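Just so it is clear, A, B and C label the chains in written order, and each chain counts residues from 1 on its own.
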Amino acid sequence: MSATVEAPVAFARGADAEKLIEVVGVSRRFAKRLDFAGKIAAKLGAPLRDEVVHAVDKVDLTIRRGEVVGLVGESGCGKSTLGRMVAGIMPPSDGAILWKGQDRTGLHGKEARAAMLQAQMIFQDPMSSLNPRLKVAEIIGEAPLFHGLTTRAGFSAYVDEQMRRAGLDPAFKARYPHQFSGGQRQRIGIARALAVQPEFLVCDESVAALDVSIQAQVLNLFMRLRQELNLTYLFISHDLGVVEHLSDRVVIMYLGRVVEEAPTETVFARANHPYTQSLLSAVPKIEARKKAFATVKGEIPSPLNPPAGCHFHPRCPHAFDRCRVEIPALQEVAPGHRSRCHLNDLPNHGGQPV
Amino acid sequence: MQPNIPASAAPPTLQVRNLRTHFFTRAGVVPAVNDVSLNVGRGKVLGLVGESGSGKTVTGFSIMRLVDEPGRIVGGEILFGGRDLAKASEEEMRQLRGNRVAMIFQDPMMTLNPVLRIDTQMIETMQAHRKISHEDARQRARDTLGMVGIPSPDERLKSYPHQFSGGMRQRVAIAIALLHEPELIVADEPTTALDVTIQGQILAEVQKLAATTGTSIIWITHDLSVVAGLADDIAVMYAGEIAEYGAVDDVLDHPLHPYTHGLLGSVPSRNKRGQPLLQIPGMTPSLLNLPAGCPFRTRCPRAAEVCVQSPPMAEILPAHEARCFRPHLENAGVAA
Amino acid sequence: MSATTAGDAPVAKAPRVETPFRRFVSEFFESKIATGALVVFSVIVLVAIFAPLISPQNPYDLAQLDIMDGRLEPGSRNGADTMTYWLGTDDQGRDMLSGIMYGLRISLIVGAGSAIAAALVGASLGMLAAYAGGRTDTVIMRLVDLQLSFPTILSALMILAFLGKGIMNVVLALIVVEWAYYARTVRGTALVERRREYIEAAQCLALPTRRIIFRHLLPNCMPPLIVVGTIQIARAIALEATLSFLGLGVPITEPSLGLLIANGYEYMLSGKYWISFYPGIALLVTIVSINLVGDHLRDVLNPRLKK
């Protein structure tokens, strides 16, 4: 039998805890510029132009110490891009990411490295996130040794400890990644991230590639580590069930913009934004037998060419004229509950969906 | 229609009896499908659920006779339309596939040819199996695209596969599977790669189709919540065997097999928020190196000495089978 | 009970650690043809290395050659009746067997030397192009295009016409015409590998760029580099033979296989086939065996061809 599962995690982390990360007006654009031949073709009248994708569009987000923030959205919503910017491996095009109130872009050398280590990432694909040519001990121990968190003499014991903490048998540390199962590989990724003693983890679809029973093991591990190490998480997932289970607060993105943000209970009980509502109704549930699957009409538009106004208006059942021209503001509809929808400005709407 | 027809009265569309498919690899013989029996009635949806390596996909491929070397069907019967597909010739299978039985894959590009227009592909598929005029075939293609919820099918017929989004491509693949109004469709994780809202749309279409056309569907998936909303019956596979088999409500509300029980407990939305999930310890054993007796024994909280014997598939409750010596009878609210 | 290690999972039997290298080796030797080719190639390499010890004669020592023994048939005895010319002699009275052994030496040194040097140059530039991107990438890759669009033999001829004869100049010419293949291969692989999550993970772990390139990126770009390298060795040997045949390669006093063939060419039609024939066979066997090894390496190292 595996280790017994721990006592329930206390969720009451004060809303007034220290702000660990502040994302202020952050945007990220990816441009595909025309090459020389393309430019000539465009001059000659070919329908070619530079293509710019607004992967993340002016996002504000605050993560407090000890919190688990769930970031939800479908493909093309920019959740992974935002996660990479928060983890510090991708610079934003605009805006700033503050770490404990401080902008890290000005740091250099040792200070910059120390700041990088504070935020670590757990990736989606347990195979491609591990270097296939290194042994597990090297994968886990390389960075701590390089940054002086352990010594050559203490290396072996340090790696053993990291492996044990992630639920791996240190006897296997001389093996290569391909010799492990998917769940174990994900544990190696977790051990690698935790080995540099971060305060904050960005989990990008970290359990999406795992089987249900293995997924449960890894989610339990995340919850246990949160308790043991007082970690803060940004948990990115398309799976609302997983996010609901783990998060204190949920942020929902659609085509680069945050459309709703609220404490988890609120989102699942009183979703305000029509997109959130349709997302919730589209999720299959075990309790819902032979149910008629609710359908949101239409497809997710291409991020290359998003609709004007509110990005969701072509699929929204409540869309009216204003939605087609004006971008709604992300405004507070209840304490701690923000939503980006014009419906909230209508009289007699009372912040609730029609 | 009479209510309460006994299962034996109307012969099911598909009957699989003791199917065994093995892979003869360098490392040894892999029993990917081991003694699998199931029935799919007319217009019914069977959810075939399991984790990776459980044999669910190989079962589907075996029924379609699409198992490649080094895999081989080594035993059992696949009774469909009065014949045994396990023994049918390649030529017979070619006639059946895409005509009376069809398959939908996780990746729609398995069905679609990237360099041909949708109309060409659909019309050629139809003309390959029956005599039909170009115009009629075109009409039928258009109708089928409309049936799976593709807007303005007339224009879309002239498109190439890459001009469709992932969800639309899967709809086209489903439309191609439906062209000949097959009696049976085997769908292998067709919505797994899709976004939630798009998956919802496709599931809704499939639900409508099953109800209106009388096509039987085997829906292969790892996601219990998808089959909960879609299927009539569920077969849960583990390590090449069916662990539990019964009606959706019976299996999901009163799971008998400890594996089904654990699987349901692992689903986050079924647990109290923030509480540790009920997890199945360990990992799926390699099919090359299965424990003797019940393959789930090493991970099972209820395992006992008797489990070193292989448990037979038994009808533990009426129309609810499980392959277990120590089923969760207390869940079913019945005395053992 | 055996002592259990920490952790609660049942400790599986710890078999020999299956390293990626061991797996690769065992897969390589599954092919009989490739194994045979590797054996043949190894024999050729050994013969070339130990030529001074095993060859009947030093064909480069003009004092040992007797012009009176010129163009003798295979199996003839020499004038002094001290040795047999098993493969005959050329027009200088050089023992063909010894000439081939020494010629292989030159061919292999030129081939392997130029291939390794070209690989170093090409791989570095390719890696730089992939990692730096932007203008650096454009400049390097246009240079590659330019190089590849030019007929190889023509550029080599021009370089040699400019530099003059000599082994070092041949090697130099081969490096110039071959680096582009390596650069293109490495850049392509590196661009794919760079997008893998383990590179992002290394960045997240604040490892320096140099370390990421050499410890994480480069080792994962090696398989295609090895394959191209093998094929390019064979190409370089053939190219050197061609250049020598055309009289622009190695000096006449130290003939390589190509020059031996050229020397016998004029006697081909007068029935003295052996002067060109046996060096030709040696060249053919060498190139074919390298290519067979290279082809199979590609199959084993390319994950897309795996089942």
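Annotations for the structure displayed:
We take it that a contact is a pair of C-beta atoms (placed from the backbone, for glycine too) under 8 Å apart; a residue touches a chain by one contact, two chains touch by 3 or more.
What you see is a predicted model, and the numbers here were worked out from it, not measured in a lab.
Among the remaining chains, C is positioned farthest from chain B, on the basis of C-alpha centroids. Inter-chain contacts peak for the pair A-B. Rounded to whole angstrom, the centroid-to-centroid distance between chain B and chain C, based on C-alpha atoms, equals 52 Å.
Chain centres here are Cα averages; for chain A and chain C they lie 49 Å apart.
Annotation: 32 Å between the Cα-based centres of chain A and chain B.
Counting partners per residue, chain B has 282 as the residues that reach two or more other chains.
Counting partners per residue, chain C has 9 as the residues that reach two or more other chains. Multi-chain contact residues of chain A (touching two or more other chains): 1-2. Across the complex, chain C is touched by residues 1-3, 84, 87-89, 112-114, 116-117, 119-121, 123-125, 128-133, 142-143, 146-147, 160, 164, 167-171, 174-176, 178-179, 189, 192-193, 196 of chain A. Against chain B, in their complex, chain A makes its touches with residues 1-2, 5-6, 8-9, 11, 74-75, 181-184, 211-217, 219-220, 223-224, 238-242, 244-246, 264-265, 278-279, 281-296, 299-300.
By the touch criterion given at the top, residues 51-52, 165, 167-168, 195-201, 203-204, 207, 222-226, 228-230, 232, 248-249, 252, 262-271, 273-284, 301 of chain B touch chain A in their complex.
The part of chain C that touches chain A in the complex is made up of residues 5-9, 11, 14, 17-20, 196-198, 200-207, 211, 215-216, 219-220.
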